[in-house]
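In the part that follows, the structures are each spelled out as structure tokens.
Same chain, two partners: chain A is paired with chain B first, then with chain C.
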Partner chain A sequence: MDLKLKIWRQASPTDKGQFVDYDVHNISTDASFLEMIDILNDELIEKGERPVAFDHDCREGICGMCSLYINGHPHGPEAATTTCQLHMRKFKDGETVVIEPWRAKPFPVIKDLIVDRSAFDEIIQSGGYISVTTGGVPDGNSIPINKEHADLAMDAAACIGCGACVAACKNASAMLFVSAKVSQFALLPQGKIEAHDRVKAMVAKMDELGFGNCTNTYACEAECPKEISVANIARMNREFIKAKLG
Partner chain B sequence: MTKIDSKIPEGPLAEKWTHYKEHQKLVNPANKRKLDIIVVGTGLAGGAAAASLGEMGFNVKVFCIQDSPRRAHSIAAQGGINAAKNYPNDGDTVYRLFYDTVKGGDYRGREANTYRLAEVSNNIIDQCVAQGVPFAREYGGTLANRSFGGAQVSRTFYARGQTGQQLLLGAYGALSKEIKKGSVKLFTRREMVDLVVMKDGRARGIIVRNLFTGEIERHSAHAVLIASGGYGNLFYLSTNAMTSNGSAAWRAYKRGAYFANPCYVQIHPTCIPVHGDYQSKLTLMSESLRNDGRIWVPKKKEDAERIRKKEIRPRDIPEEDRDYYLERRYPAFGNLVPRDVASRAAKERCDAGYGVGTGLAVFLDFKDAINRLGKDVIKARYGNLFDMYERITDDNPYETPMMIYPAIHYTMGGLWVDYELQSSIPGLFVGGEANFSDHGANRLGASALMQGLSDGYFVLPYTMQNYLADQITVDRITTDTEEFDEAEKAVQERIDKLLSINGTETVDSIHKRLGRIMWDHAGMARNKKGLEEGIKMIQELRKEFWSNVKVPGTKDGINIELEKALRLADFLELGELLARDALHREESAGGHFREEHQTPEGEAKRNDKDFMYVAAWEYAGDDKEPVLNKEPLVYENIEVKTRNYKTA
Partner chain C sequence: MSSSHFYSSITKKIIMSLMGLFLLTFLLVHLTLNSFLLFDKNLFNEGAHFMGTNPFIQVFQWVLFAGFAIHILYGIILQIQNWVSRPKGYKKRAWMEQSPFSKYMIYTGAIIFIFLAIHLGNFFFVKMGWVGNGVPELGGKEDMGQLVIDLFSNGGYVAFYVIMFLLMGFHLDHAFQSAFQTLGLNHPTYWGFIKGLSRVYAIVVTLGFVIIPLVIYFR
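Here is the complex of A and B:
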């Protein structure tokens, strides 16, 4: 298949940036979206031009490194799919494909399609863990956990930290990301001890870093490649209120 | 007389580690604050070690290549983690886990290390549960287990098909806690490009390239830990992440650390087959699928051919015309034989003309399991894997069997380490896949996560402390030394040279050619002639690379082609060492299969008399052949036998 690409090119964080048009030809429908960009980059290098910089690593949909805002959707048009797992058979021959970086103030563009997502690490550092140290913990089976809660915690823990929820949100809210971590631990007995401090610290850090408020459009859930549920946001709000009252 | 001292503690096997801990040297809290440690890599081994060492009070600097420590490739491990808990009451013990691991490794691993791994396996599960890792649970609230290859017990703990992700996020949480506390300082988007060794022979720092700015940075410490993963991407196509590379280990080798058993490479039997030249990586389908999936090819060549031509569908082949070749050849373990055995069996069938798909694929069929358990149960167990398979191949595995073929997955070889996980350079420690230590010639499924976390949480924090106890009088290390000057200059020269060649071949095109050479000449089946040819071809390709590679851009700022060129330059040297090691090892063992050494049934044939040793290669100079040091393997607690997966 042949495609027309409009790709955001930006040389540095301070550069203004612009869309540049490219044509790619003879792309196999079995190729992945990132392999299609690999092919474009090979052509650019052969022509002596600067290849398009983009983040990617595992190419299995789990590391959360890949991003890309494709035709108006974080990770492209296919539901529950990261960019690296998106395949060209989902596009039409001759289609124009617009490729942008995540656009959100707390995720500044570094180069072309690469953004800085270290704000997510800062949020986790503010309290997104259980404060146990290595050694001296009880036997694994001494903490029985209701299967339903364990499964819900796993659903929340499946978040890959890619930032699609922020990119999808008109307010650049990080509520889905933060609530997934808060929920995972709030659902487990091990996590309850620090639950109040955790939710307060993480919400405060999220606000401090410039992420916006949640106005319940649920664009985050719709675009999340791991289908993290907005029920986590409701759970976080309950946890937050409990923490404030408690 | 060998130069190698593996420092295995005295005493009975089951007491060695306890004995070590009881007698090791300690550092008091006030002194810990004065000691610096560098950790390269934030996967399970590096992340867990950095967090634990930070908790103990050392000053830790941790480096990762991605934008966040949470993205290390440990995250992609799917199936599970082994431990000898015996929760299912099926007869598991520490000894049995140790035994299975040594046997699975075809008696080419070090007994004492492997026993320690089995011994601490139970602590890992407890630790991860305490961290809030959402392991799968039974309805009564206890932890669930499943089976993996090479074992007759169910000892694998899991978190759906994302066990690596959940364990890594547990370690990442622990690390984040220490970063907040200030005991660990995090450096992201940094790649180690050299190791700094002082005149007294001790490792005291690293040179890193900042992948955002292109700056070359110097970092010093009292000790260095490399936990940078394996070198599977040497083969270009592998299940590894795109940035996974062998450079940190290779640079340490060139500074004097021995490289052990590079020829032991694991080829995983259940990956999605290669489908095109443009393909950038291969995707693993978890070994856990072999719990319920049955592997087969058609019994009749003409059926296989009609399937390849798409004239008939797999379901058109009646049961009696299907060859469940693993169940046929290995009745006791069936579809759950170890990975090396399953991979070779698939290759054997495909080479004989029974392959499906492109001819290099076999079926992994869930029809019987779906009939027996229902689609919902299968979906609950493997839903995410089935979805991933469908996204990549456009086939629905609930309706038609998966097609799979072996692919490069893991490297058992790596930097040589002693019992303390210290390399042959004092002060340089190596953890996780980057070292060679625990899996012998073949790793069993669900043991990589176990080893990474064992090294990181429960071994290195002890052994590194033992080393650092002798360093308390050493002041903070300055980076203003001749050794740092020399190392930085060498890196700058390498980069300038790569940017000045301005040839016609892209980095990827040369890397693909290297991968092809490795796969054809040093892949699943090897022989003397092929390896000798392969070595020549690698040498020629290396010359071509240094005279004709095209690396656009400058050394400042983000330059992904330059990053890839630096990694490929090292792979082009490491590939030759791998082939040399494979050539010298005149036997078949685990993942290393020499066609000259097989039984009449096509099983691997070891030569214990001449090759029961670890091959620890020592760098002697770019134009000199490496020196082979041998560490004899002594089995005092296990009877060395021919591996048998046919009968119980």
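Here is the complex of A and C:
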């Protein structure tokens, strides 16, 4: 298949940047979206031009590195899919595809389609962990965990920290990401101990970094490749209220 | 801009949602009172008289104004911070909002605010004697019902009123369920019900406020 691409090119964080048009030809419908850009980049290198910089790592939907805002959607138009798992058969022959970086104040563009997502790391560092003192490994069955909570914690822990929720949200809010991290701990006995401090610290960090306020548009849930539920945001709000009152 | 100046993002939302729920309740009371006008003007006048004289309500009306002021103030702060959070927008952005009217809350909110100002000018300020020729009288008593009926005999005003309430309905449709989500009251078992109730509330309240002037105009 043939495609017309409109790609955001920006040489450095301070460069103004602009959209550049590219044509790609004979792309296999079985190629992934990233492979399609690989092909374009090979052609650009052959021509002596600068290849398009983009993030990727595992290419199997688990690391959260790939990004790209494709035709108006983070990770492209297909639901519950990362860009590395998006196939070209989801596009029409001859279609124009607009490719942009994530846009949010806390995610500055480094180069072309690569943004700096270390703001998420800072949020994790502010409280997204449990403190353990090393020693003997406790018996796994000594702490009973109810099945429902274990499942909900697993669902929340599926978040790969890709930032699509922020990219999708009209407010550039990080609430879905932060609430997934808060929830995965708050639901389990080991995480409950520091739950109050954790939620306060992580929310404060999220605000400080300049992410927007959630207005419950639920765009994040619709665009999340791991289908993290906005019920996690409600849980985080409950945790936050408990922490403030308690 | 550091948001810590105006509390954390979640605290702001909780304040907004509590004030919003308060306003949602007030709208129901107001609609009930207005609906008396369809049946009996005297009943409406008695209701208005009660509202205008009962000491509890007298105090409460200032609480209500404060509620509006806080909701509006936080609505504006929240929106400005949200605009600042994305200095550069997208070239192409799909419709992704799952609660459709969530996208326009600041605009529908601004519409409500404009309407509120005009509405207060038409009724509350007249009643307080700050503007206009005062409230008509009937048998030595204030005839608020007549004031309303006079206004609603003007087709242009009725059309304006109807359009304003339709736009307010969009605010309400998102608002009701959003307040529950903000307060953490999202449970898979009840969430469908709350969303349904939100839509029913918005439709009933909007139609209620819209039907009254139409009935009076065409009666």
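The criterion applied here is as follows: the second predicted complex is superposed on the first by the 242 of 246 C-alpha atoms of A that agree within 3 Å, B and C clash if a C-alpha of one lies under 4 Å from a C-alpha of the other, contacts with A are read in each partner's own complex, and residues count from 1 in each chain.
FYI, a residue touches a chain if its C-beta (ideal position, glycine included) is under 8 Å from a C-beta of that chain, and two chains touch if they have at least 3 such contacts.
Computed from a predicted model, the values in this text were never measured in an experiment.
J.: Superposed on chain A, are chain B and chain C clashing or fitting side by side?
T.: With chain A as the common anchor, chain B and chain C both fit in the superposed model.
J.: Of chain B and chain C, which one touches more residues of chain A?
T.: The larger set of chain A residues in touch belongs to B.
J.: Vertex at chain A, arms to chain B and chain C: angle between C-alpha centres to the nearest 10°?
T.: Result: 160 degrees, to the nearest ten.
J.: Tell me the contact category for A:R117 with respect to chain B and chain C: first, second, both or neither.
T.: Once the two structures are laid over each other on A, A:R117 reaches chain B alone.
J.: By the touch definition at the top of the document, which applies to A:N171: first (chain B), second (chain C), both, or neither?
T.: So A:N171 only meets chain C here.
J.: Scan A:G48 for contacts with chain B and chain C and give back first, second, both or neither.
T.: A:G48 sits against chain B, while chain C stays out of touch.
J.: For the superposed model, what is the least distance in angstrom between any CA atom of chain B and any CA atom of chain C?
T.: Minimum C-alpha separation, chain B to chain C: 19 Å.
J.: Under the touch definition given earlier, write down the residues of chain A that touch chain B in their complex.
T.: Residues 12, 28, 30-32, 34-35, 38-39, 42, 45-46, 48-51, 53, 55-65, 78, 80-81, 85-87, 89, 110-111, 114, 116-118, 120-121, 124-126, 128-135, 137-141, 143-147, 150-151, 153-154, 157-158, 160-161, 184-185, 188, 190-191.
J.: Which positions of chain B touch chain A when the two form their complex?
T.: That would be residues 48, 51-52, 55, 66-71, 73, 75-76, 85, 87, 123, 125-132, 134-143, 159-160, 162, 164-166, 169, 172-174, 176-177, 179-180, 186, 188, 212, 241-243, 275-276, 278-281, 283-284, 387-388, 391-392, 394, 457-458, 461, 506, 508-509, 550, 552-553, 557-558, 560-561 of chain B.
J.: Quick check: in the complex, which residue numbers of chain C touch chain A?
T.: 2-4, 8-14, 78, 81-82, 84-94, 96-99, 102-103, 105, 174, 177-178, 181-188, 191
J.: Inside the complex, what are the residues of chain A that reach chain C?
T.: 6, 8, 19, 69, 71-73, 77, 98, 100, 103-106, 168, 170-173, 175, 203-204, 206-208, 210-219, 221-223, 230-231, 233-238, 240-241, 244
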